[in-house]
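What follows is a pair of complexes built around subunit A, which joins subunit B in one and subunit C in the other.
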Partner chain A sequence: MKSAVNCKIIEILNLSDNQLIKLSRNNVLSLSIEEMREIQKYFEKLKINPTDIEIETIAQAWSEHCKHKTLTGIIEYTEYADVQTKRTYNNLLKETIFKATVELNKKWCLSVFKDNAGVIEFDSKNGVAFKVETHNHPSALEPYGGSATGIGGAIRDILGVGLGAKPLANTDVFCFGDPNTKAYKIPEGMHHPKRIAKSVVSGVRDYGNRMGIPTVNGAVYFDDGYMANPLVYCGTMGIIPKNKIEKKVNSEDLILVVGGRTGRDGIHGATFSSIQLDQESDVSAVQIGNPIIEKKVLDAMLKARDLNLYRAVTDCGAGGLSSAVGELGEKTGVVVYLDKVPLKYSGLSPWEIWISEAQERMVFVVPPKNKNRIVEIFEKENVEAVFIGKFTRDKKLTLKYNNDVIASMDMEFLHNGVPKPTRYAVYKIKEEKLQKPVKMSVGEISKALKALLSDLNICSKEWIIRQYDHEVQGQTVVKPLQGNNIGISGPGDAAVIFPYTVIKGTKKGIVLSNGLNPQYGKINTYKMAASVIEESLRNAAAVGADIEKVAVLDNFCWGNPNKPEILGSLVRAANACYDMSKAFDIPFISGKDSLNNEYSIGGKKYSIPPALLISAVGVIEDVSKTVTMPLKNKDNKIFLIGITRNELGGSVFAKINNIKDGVVPDVYPKESKDIMKKIYRAINKNLIESCHDCSEGGFAVAVSEMAFAAGKGVVINTDAVKTEDVSMSPAEILFSESNGRFIVEVKHKNEFKFQEIFKGAVFAEVGYVGDNENIVFESKKNKIKVKENAENLLKIWQSTLNW
Partner chain B sequence: MFKIEILMKKGYKNSHGEHILSDICGIGIKNITKVEYSPLYVIDGDISSVETETIAAELLSDKITETYTVNSCSQTNCGQSLPSKPAINNSMNCIVEVWYKKGVTDTVSGSVVKAVKDLGISKKIEVKTGHKYYLHGKISQTILNKIVIKLLANTLIQEYKIK
Partner chain C sequence: MKKVKVLILRTAGTNCDYETQAAFELCGGFVERIHINALIEKKDKIFEYDILACPGGFSYGDDIASGKILSNEVKNKLGDKVKKFALSGKPIIGICNGFQVFVKMGLLPDPNIFEQISTLSYNDSDKFECRWVYLKTEKRINGESNCIWTKKLPDIVSLPVAHGEGKFIPNDKKLLDALNKNNQIVFRYTSKDGGKPEYPLNPNGSVEQIAAVSNIKGNVFGLMPHPERYVFTLQHPAREGFDSEYGWGKVIFQNAVDFVK
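This part shows the complex of A and B:
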């Protein structure tokens, strides 16, 4: 039955363990010995050797990228603190992040963790879909193509949620190595971090701009740990009618593949992302994007969606057709005629067609009666659309090539046959010691402030932001850079989209923000995870979001999970996600993990510093109430809300001044949630003129940004700041990165009402907007007065990253 | 088979070239004084030189700021022929051409094929796109290789030729 049309029979039945491992390695299958044995057992039962395409299909379906084997597998976790504790996780994801969402059970979460993106309610008729993905390995090899296809894939996830959402905005977050690294220090075969950074930015720019989707929010983080393994997170948010959220697949429905043609691009991308990078990484794993095709697919498919011509859709991502069709047909069974798939060039073997990750392809489930109408719509937009098979009732995956059956497997085995691995995780909780008191003179504080503002992780990212079109579609109301004019601006906390062209007559907006801080994770991944969750919420709250209507996405980028310490730090972070989700009452709606971010230089292996990106999305009742961060008018009062603690651990200040000790900022959910809710109430009553959160660089950096973004001065009395520990020095007060703090500007006439709202929270009046351009920090107690010029500080902030 | 090169007219800024120059300075190489960039297209198929001229003039170049050259070439020398007139300056030291490796998706070429059809030329053609860099200044072969590998070509998906 199994004839060889460019199709080989793979001997597996009589192989020894060693030979099985060799087979997996030689064919880039990335399957473990346990998995290979399971496959052997399956085919032993059938008494037949598999074809190459069958083996490849299993490898794709069981890849870390598609199955998330580590996070859903068994983990034996041991924690060492004062006492040793042990815990077994049967499915880390289900027992932490997902569990919190289930327990919170928010009615306004319309689709969580099951589709290509998470969906929350926008209004009575529409939902907001949001998804963030990583594209790290391809971006290390071909930064331009890798990042372009990264954003292309995130957009397709939004097109492939439910029956398709209309994309409204993109976000991007990158981690790169130090761009100032001397060229000779770059390992052989790797690109220089600056080249990676420039090309990654160009890739996202060219794809996003050509798709006509604004890139509105993001972050860039520099650390040497990402030199050979950059992190590229791309996200897309879209709007979807509530009645288009559910997918359905019926037997006899047809499979329609739409968009780009299939070539040899990105073969083994899914299995490749599950292995570590080295000099000889696979060439064909590189994908090249074509935004023009994707734009046409977008336009045509939304038309077909509104005419109800299909029952389900998904995108071809990792694993290509094999994953997309395999997942759609999981419950029914499917037969695919691979010779019908349109190709870029001839000469592809059937297995290559089946698993190719050629870009810009979507798969539709079409009832037979709509066969002609749907193709007509795609043809009108010059989009290729070809039927390649149909859904059956036999619960089997059947692949044919020129009428020969070349693969026939049970869906049950393919989707649920993967053995659960058991991994071991350990974590030693490090004791964090308070640093020696930081005593600084006026000159030293000035110097530190300037060094912070020009630090790569605080400085202006204008060079990147201005390359993106953040205005296209005309709905970006709170923008990434905020200030007086194009030359004078500061960093916005979050972006707000006002989707008035899609939803006529609406007053509502959609807020997007993020939190990321790998520096904390080097000391304590629990606090890192808690901090970035809080930061993403704080950012959203700062522009006027109601955190009762905010949901978050998780994106874990970690090193090699086979190393118990690395997996242990991941378990800690996942636990922080559960704790914070419950404490803040904030559900996770979607997420993704990219593990094995490890690379080797000269035979030595390095794992990246663990990075958890939290992306928040929320619905704002009235966009006209939102606020920005630049100061507005002289004499207005400045309040610092929240307690300043002696928390310099992992801070940018500690890094610059080489301070080894210090406590990493913790999160106090009760205190901080109460403040966020009060901020929302005050903003809604128009009592706040400007608002900015304190994050990297602390209070001094945040106040300076508010001032120079407006070309204004500010006078701050550091003695007035409410601290937990009265002995904190001015430098510690100015540069501590304690979470949960906001700086707000209030008019004199609103002061009383403002104070009423904040009763019960810790806050203090700490200064006023000056009538000249001087930024002043004064402590009478310590006889210290730092005076800097706003324009001067702005220039320092702008000049670091000005390529 | 024809090779089309798009050149910037005298007096207009070659901004992509300037970007490359700043990148070269950025990796610590001082001796390059100027970089000029030209996009390249090879058009293969049953097509006349008049039609190729039309494609170059109407589709591939901007009439106000750019000019073009069209050279007939064979399979063997297409990637290698030097331009008949080197652009602008005579202190130029080397030329680098960068092309996609076989099998790598060339999205621009796809767009060109479609646009040529829209121009009313219905013959079946194949298109390859490339990049050409004129580097002015005195540098050694080693430094030149460094520039090419670090900045101009990603050898994973592209191949290059140095003149």
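This part shows the complex of A and C:
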């Protein structure tokens, strides 16, 4: 029998629909009427009202955050193009992204879409685990704590994959409003974007640096659409022995909670993330982080792992113990004694203990015979470890407090009882018109180049990067900022970690890169998704990765999925993921979605511009072959590889010059994949001195970055660039953001071998490394010659974000 | 050949222990990473080792001030042992947070006095800085460094720094003069050609550009830069080293291992 001493009985059996909705809203349950009715039905069958802790447990388990109801629910999709097409998805995720992974069936994908992170093969004995998460809502309310616990959570995902991986690197990607926004334009109750940006960076810095994990890769994107709802993506990569990838839970195994104590912070984090933000949003939903506790857990748990003292581990994330223990015990059943959970302070109700998202907690599944040994290991390093219950055989969730049963529910109902919602999605494909020809004088081109280099989305992120210890562990061999000299630098395309301290004698490395471009998504989410997938691969290829050994992660941050147009744009992007995954032969290994990124100002609701972050991870056979982006030696030849198309739609150039029309860059997978493979072969044969991809700002920006990162000049003949449309003007050639393009530097003596490899691909020799610091773009055809000084352009690039 | 045993002391928040271990191992050292709790349990275990290293990190979160809590713990619970180890002439290295710990417990610059007489304070830039710097190796003893850790280095060497509190400040002018006179200043931040460095070349605003100091004897060495992050050429931004494979940081660890041998 359930007792009501330590909990409240919640009246649900006799409630009307209206009362059910009210109950959900008043308790931040974020449950729909259909879901509330399902709960009512369940308890009607039992002929008893639930306790508060039972209702809270269901709300956590069924939350969008934990269950991904939208992406796995039913979607009726209608697309309007020349003709109207309809399609019903029973599970969008399984029918697009996951489907591609299943169809590709890569043997080197060791764990996909089932654990806290995806795992690919590193070598015969080890795997690489990678996970990227979002922590958007908390970062809007309390940017420092929100981002710190964001990275803390991503790290715990890596500690909680299989039996635990050792974290080797972090990656962080942020979307903020314009930091130069005038104060009066900031919505009431919201933080200024500059304050958010600075605090978010500080949060990641303080947590990541204290954990001793280098933050090696990332991006920052500024757009006013993220003013009140910033995006904070945090990711961690780690290494795990192949024989530690599988978890197991046996009946009679004990539940050990390790690390931080439980407090009232982070109550309703999981459910609150499904609610739009406004000035009333409650800051107590944000967790409080303490990296040193997590570091102690990391140090001690790897010891326990290597002594085989536990059978499974997972982290306490969204939903706290309720999710962690609930998931581990799904197949067996579990009994938990909540009075045993160590608390930060007294006074917590049992339901608060159960769903608190207090940080730095891990849950271990321990065979009874190892009971004393495992606790001893943790205690020797001053880590608190307490048994709070055990796994049973009854397939029930039983919660006790001072020996009173306060919850008793079927695992089956908890995990599979949530009704599948049907949502409607529509997408109207916008027509993209070519812009009027862009004719520019020398002065105008020069001005545009400088404006691009100083644009918030292109400028140097050095202010951020140098606050992160991106070299701790000593394994960052391709760094986020690359320069031939101390004091000068350019943006690296991808980071490479050489895990020599963990895997003795290895020559191999791990590449991390990403792709993000919400600007394209404002016009076409399919092209955005395709472009960012291609960009992440391109970035990895540019440092010397073989894309046949690269996998990707998806992170969707979207607005309110109850609005058909918003959900429609997501369906389009998911379809692009499927198409590109298949065409490039690149599997998705994990992912996450954060929906309901919506905020209200003065009663009016706004959704963020859709943002798909693609994070790539791959294995590099020989780290000594990798290349960086600064130019190396004068007189070396410069080649531009790939076709330049008239694609200014969504470009930074178009934004700066207020050009409304334009075609958004498309992806041509066959052509692009062929080029990436050739780049790999050429780099592997030491035929390429430096390499950089063309992305935001196009060819002119990329080649300038290569030059000023080296303190060198470069002479470019724009007439030599291979274009699809012969009538493209010099400005269009210089600033178009066509995908699939690389700039490479080649020594004269290697030219022949280099050309042999690139036979069949579109490429052209477009210039050479100069012997002074002049960056020159010349078109004899158009009688245009732009000449800039490398150091001057470097200063412009460095000066925008220099707080 | 003697087996050179290295003790790497770690605690909550230590985080450069693995790469420091790898650096010593690359030079032929036999390394154990030992938690301070274990060492406090068996204090004399320290004398089984030939080299003591206190690696980088954020010991106890650098709460109060960087390295402060660990320095108190070491001094109060292991102080006489560590002092004895230092005075016996065995090599000791404190890197970054380890340097902060040594300075705050007074093991540097003078283990005989064993009182804090200098500090490492907040960078002038008031932020954490992760970047490569140029260091001038002070060579005043017959054209060689006084410190056993820094022999055979070129006049200018580059290493990465990563810290928020690295500004070295001696208590007074008298101490500064003594450090100079006794050749205890091992590295100074400099420019590429050996000139006076402005920020960011001097990343923290240290007095007289001091980046590293040793005791008078030259066996106890503390530095803010991270030599363990530059044992391979691959780790250098432009992939330079003393040969095609190894970086200059390795020489520092090799010196200590060879000294013991």
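Keep this in mind: the second predicted complex is superposed on the first by the 802 of 803 C-alpha atoms of A that agree within 3 Å, B and C clash if a C-alpha of one lies under 4 Å from a C-alpha of the other, contacts with A are read in each partner's own complex, and residues count from 1 in each chain.
Here, a contact is a pair of C-beta atoms (placed from the backbone, for glycine too) under 8 Å apart; a residue touches a chain by one contact, two chains touch by 3 or more.
Note that the structure is a prediction, hence the values are computed from the model and not measured.
**Student:** According to the stated criteria, A:Ser30 is in contact with first (subunit B), second (subunit C), both, or neither; which is it?
**Tutor:** In the superposition, A:Ser30 touches no partner, neither subunit B nor subunit C.
**Student:** Looking at subunit A, does subunit B or subunit C touch a larger number of its residues?
**Tutor:** Larger number of subunit A residues touched: C.
**Student:** Looking at the overlay, what does A:Ala358 touch: subunit B (first), subunit C (second), both, or neither?
**Tutor:** After superposing on A, A:Ala358 lies in contact with subunit B but is clear of subunit C.
**Student:** Report for A:Tyr500: first if it touches subunit B alone, second if subunit C alone, otherwise both or neither.
**Tutor:** The answer is second: A:Tyr500 touches subunit C but not subunit B.
**Student:** By the touch definition at the top of the document, which applies to A:Arg264: first (subunit B), second (subunit C), both, or neither?
**Tutor:** Only subunit B is touched by A:Arg264; subunit C is not.
**Student:** For A:Ser322 in the superposed arrangement: first (subunit B), second (subunit C), both or neither?
**Tutor:** neither
**Student:** Name the contact category of A:Ile292: first (subunit B only), second (subunit C only), both, or neither.
**Tutor:** A:Ile292 sits against subunit B and subunit C alike.
**Student:** What residues on subunit A does subunit C touch that subunit B touches too?
**Tutor:** In the superposed arrangement, which is not itself an observed complex, subunit A uses residues 290, 292, 382 for both subunit B and subunit C.
**Student:** Sort out for me which residues of subunit A touch subunit B in the complex.
**Tutor:** 141-142, 144-145, 183, 191-192, 194-195, 198, 263-265, 283, 286-290, 292, 344-345, 358, 382, 803
**Student:** Would you tell me which residues of subunit C are touching subunit A in their complex?
**Tutor:** Going through subunit C, the ones touching subunit A are 10, 12-16, 18-19, 21-23, 35, 37-38, 56-58, 60-62, 127-134, 158, 160, 162, 192, 200-201, 226, 228-232, 234-235, 237-238.
**Student:** List the residues on subunit B that touch subunit A in their complex, please.
**Tutor:** 22-23, 26-28, 103-107, 110-111, 114, 146, 150-151, 154, 156-157
**Student:** Going by the contact rule at the top, pick out the subunit A residues touching subunit C in the complex.
**Tutor:** 205, 209-212, 290-292, 295-296, 299, 380-382, 465-477, 479, 482-487, 498, 500-502, 623-624
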